[in-house]
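Please go over the structures that come below.
Both of the next two complexes hold chain A, though its partner changes from chain B to chain C.
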Partner chain A sequence: MKISVDYARCEGHGLCADQAPDVFSLDDDAELTYHFEDLEVPDEHTPAARAAVNVCPVAALRVQP
Partner chain B sequence: MPTRTDIPAYRPDLYSAAAIRDTHPHYVRLRALGPVVWLTKHKVYALPRYEQCKAVLLDDDTFVSGEGVALNPIANRLGQGTTLYSDGDDHARRRALVAHRLTPRALRSLTAAVEEKAAEVVEAAIARRAVDGAEMAMALPLSVVPDLVGWPQEGREHLLRWAGAAFNGLGPFNRQAVRTLPSSLGMMRYARRVVRERSVLEGSMGHDLLCAADQGELLPAECATLMIDYLSPSLDTTISAIASALHLFATHPEQWRLLKEDPGRIPNAVNEVVRYESPIRAFTRTAARDTTIAGHAIPKGSRVLVLYGSANRDALEWEAPDTFDIRRDAARQLGFGQGTHGCAGQGLARLETSAILRALVARVDRIELTGTPEWALNNIIHRYERLPLQFIPA
Partner chain C sequence: MTSARSVLIVGESLAGTTAARELRALGHSGRVTIIGAETHGAYSRPSLSKTVLKDPATDDTIRQDLDGLDVRVVRSAATAAHTDRRTVTTDDGREFGYDALIIATGAAARRLAAPGQRGELVLRTLDDARRLRTRLETARSALVVGAGFLGMEVATACAARGVPVTVLDVDRPLERILGSHLSVAITERAAAHGIRFLQTAGFATLAGDPVHGVTLPDGTELTADLVVTCAGETPCTDWLPRTGLADRLGVGIDSACTTSVPNVFAAGDVTYLRADGTHPERRAPFWSNAVAQGRLAAASALGLSPTGPVQDDYFWTEIAGLTLKVVGPLPLVGEPTTVDGRVTDGRALLTWRHSGGHSTVVAYGLRKPVAALRALAGSVPAR
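And now, the complex of A and B:
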């Protein structure tokens, strides 16, 4: 599974990082870091990653088809 | 292809005074009827379940806001030019003008002041012992939001009444809406004057907007609308969440214990409060083309009613939806909406509500309900108007 992040849309609410701390984190400036940019999300993290996509308040995260 | 005759109809008025005071039984019946229900009285397709509400909110190309998100044609016309009523690039431009002031990052500089004010509010409530929780819930938003937006001191005493009235006007054009119409126009008049006289506070969001207008990034006429856009939704909604939190923790002492044992649960507790008593009842969208929802044909131009409060209690999505439990993962609740139009002020709402809860867990042993609470009569906002409480200090 690959996830695309719309950084222009992201407002840094951080709900994704609560759901999937191994996949998303906010840096000290509350900027989003996505740990698997252009990579497949490892299988062990996909349930959490899906939950993160599901909760993004501004729909900045999409599972790539 | 199913047609409207296949869609179940619901006759009771979802916006009668009785229904506003006790809405959840209506939601239960609507959810049982199906994923799409025709509201005979308001001539709109209601979406009482989580899945369809979420799908409509996320598909903002098909279900647009530009025709208004209210339930009556007058408000849908009057609100033209607001961020709430815009789509696509136009919406993105308007939102970007202000939303960057509301991101969690931008709010960091406010955190200490908000926590300090929350502590004052809670300490004052403890000292008084008998308090109206609905009134107590107003103190923090009213001290934070007008400064952020940049309203001059003069006229602030009207803000809450005006904001409530503005929301009331977004439901059907019923008795409540008529009663508060003069107040909602009052806010617009005042905002125009503030912009004309440039009396906004230096360095505030409103000041940003004036500067953007000076540089030709937006029309001067848009400034007043944008200021209202961000002011009116930031008061009653957060007041609702804070008052509901007080009520829920007063009536669920075991949940209060859990919160006191682990204040790390506060952020999710805020999600659960907003899930359980969603501050906004419903907004509408308009189908921009012929489409379907859950297999039902929705013709172009139809209005659909996204029932946030009902979606957040849908048993198809939530286990034991009518149980208030701060341990459940409530992050996917729809109380702030979701997607392009997801609440821009949710970071601030979370900050304020969390600050009150943090101040309470540190100082209060338990919260007791000392009388019968009453819901405010408002077409859009679901909040307590009277909430008699007593705080027992730790």
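And now, the complex of A and C:
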């Protein structure tokens, strides 16, 4: 599974990092780091990553088809 | 352990989809069914008042998927719950059994139109947003009834489109929630963006059929091409009569999302937290609470001990180009305890310290993640 991040839409809420701290993190200025940019999300993190996509309030995260 | 149980979720909402996801995450391999009345399926509602009102190209980018979860989705409205025989019936005449039921039907826009009065506009669903977007293309004036978060966001969208807009309310913008300190600053900022505010002595009613304006308590009538009601929400409990599950505040839950009926749980905007020794009864229909409660309801439905708080008070808004993020108890009263930065500069971090050790933290025009705000407020995350 791959996730695409719409950085322009991201408002730095950080709810994704609550759900999947191994996949997403934010610094104190709420800049998002996605740890698997252009990579497959490792299987052990897939359920948490999908949960993170689900809770993004601005729909900035998408599971790539 | 839990494989024999079938869980029925009513409501394809954030709380409902989160519950479905959590059931699987907790190892539930039995049946999960979601009954959802929304023809578009699950989607992100916060995007409606911002992205969707501005750009038609975004309509297809706000969907929420249930892929990979082995969940059966029934596209129909639930019309009744029979908690004695543990079934729910739907509008298309079917009946679904459950071992555990999770109610997540959310809330609907509160409407002000008189019976039979046509043309009232609200903003709660994707169809509402599309309708409003189309009307904004040709409108030359707009009235927004209600100066809460949604009303101010809709007014922002009007102003951004160059549509002159007036917002009406008995209280100043956001004053009921954020107190006078921030309300004054936000009202000034909105005015600088072309958003006019009119404080009314009582509640306005909608005028005309179809609606073309409002009537103020003194009889004055204001007219506009576009009139949008942003007067809060009402929990969707019409399908729960005679179950003892719902009252005027919604479905009452405790700190484990348990309702007053065995095997029935509830989460999200349809709920309120029942009073106990430490707090009064309280509705808190926020996005982060729907997430926290969706997870708790899933755990409780499986008979597991829930972990985490039932309320994770975080919300945000974007008004006249200003982003506000708030963590902690509301409403805010009086002056802030501490202010770092200047509200007049559009960048400040404000703290209200409450009795009992809790704080509410407001990031005013500052980009801060929820985790940083929670740390400052001394609250704990949902997980």
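Rule of thumb we're sticking to: the second predicted complex is superposed on the first by the 65 of 65 C-alpha atoms of A that agree within 3 Å, B and C clash if a C-alpha of one lies under 4 Å from a C-alpha of the other, contacts with A are read in each partner's own complex, and residues count from 1 in each chain.
The rule we apply is simple: contacts are C-beta pairs under 8 Å (C-beta built on N, C-alpha and C of every residue); 3 or more make two chains touch, one makes a residue touch a chain.
Just so it is clear, the structure is predicted and the values come from calculations on it, not from any experiment.
Once the two structures are overlaid, the count of chain A residues touched is higher for C than for its counterpart among chain B and chain C.
In the overlay built on the shared chain, the residue A:Asp18 is in contact with chain B and with chain C. In the superposition on chain A, A:Asp29 makes contact with both chain B and chain C.
When the two complexes are overlaid on their common chain A, residue A:Arg50 makes contact with chain C while staying clear of chain B. By the document's definition of touching, of the two partners only chain C reaches A:Val63; chain B does not. Touched by chain B in one complex and by chain C in the other are residues 11-15, 18-19, 29-30, 51, 54-59 of chain A. Listing the residues of chain A that touch chain B in their complex gives 11-15, 18-19, 29-31, 51, 54-59.
Chain C makes touch with chain A in their complex at residues 14, 17-18, 21-22, 24-25, 43-44, 46-47, 50-51, 61-65, 67-68, 287-288, 291, 314, 316, 323, 325, 367-372, 381-383.
Across the complex, chain C is touched by residues 6, 9, 11-15, 17-19, 26-30, 47-48, 50-51, 53-59, 62-63 of chain A. On chain B, the positions that touch chain A within their shared complex are 58, 99, 102-105, 108, 267, 329, 331-332, 336, 338-340, 342-344, 346-347.
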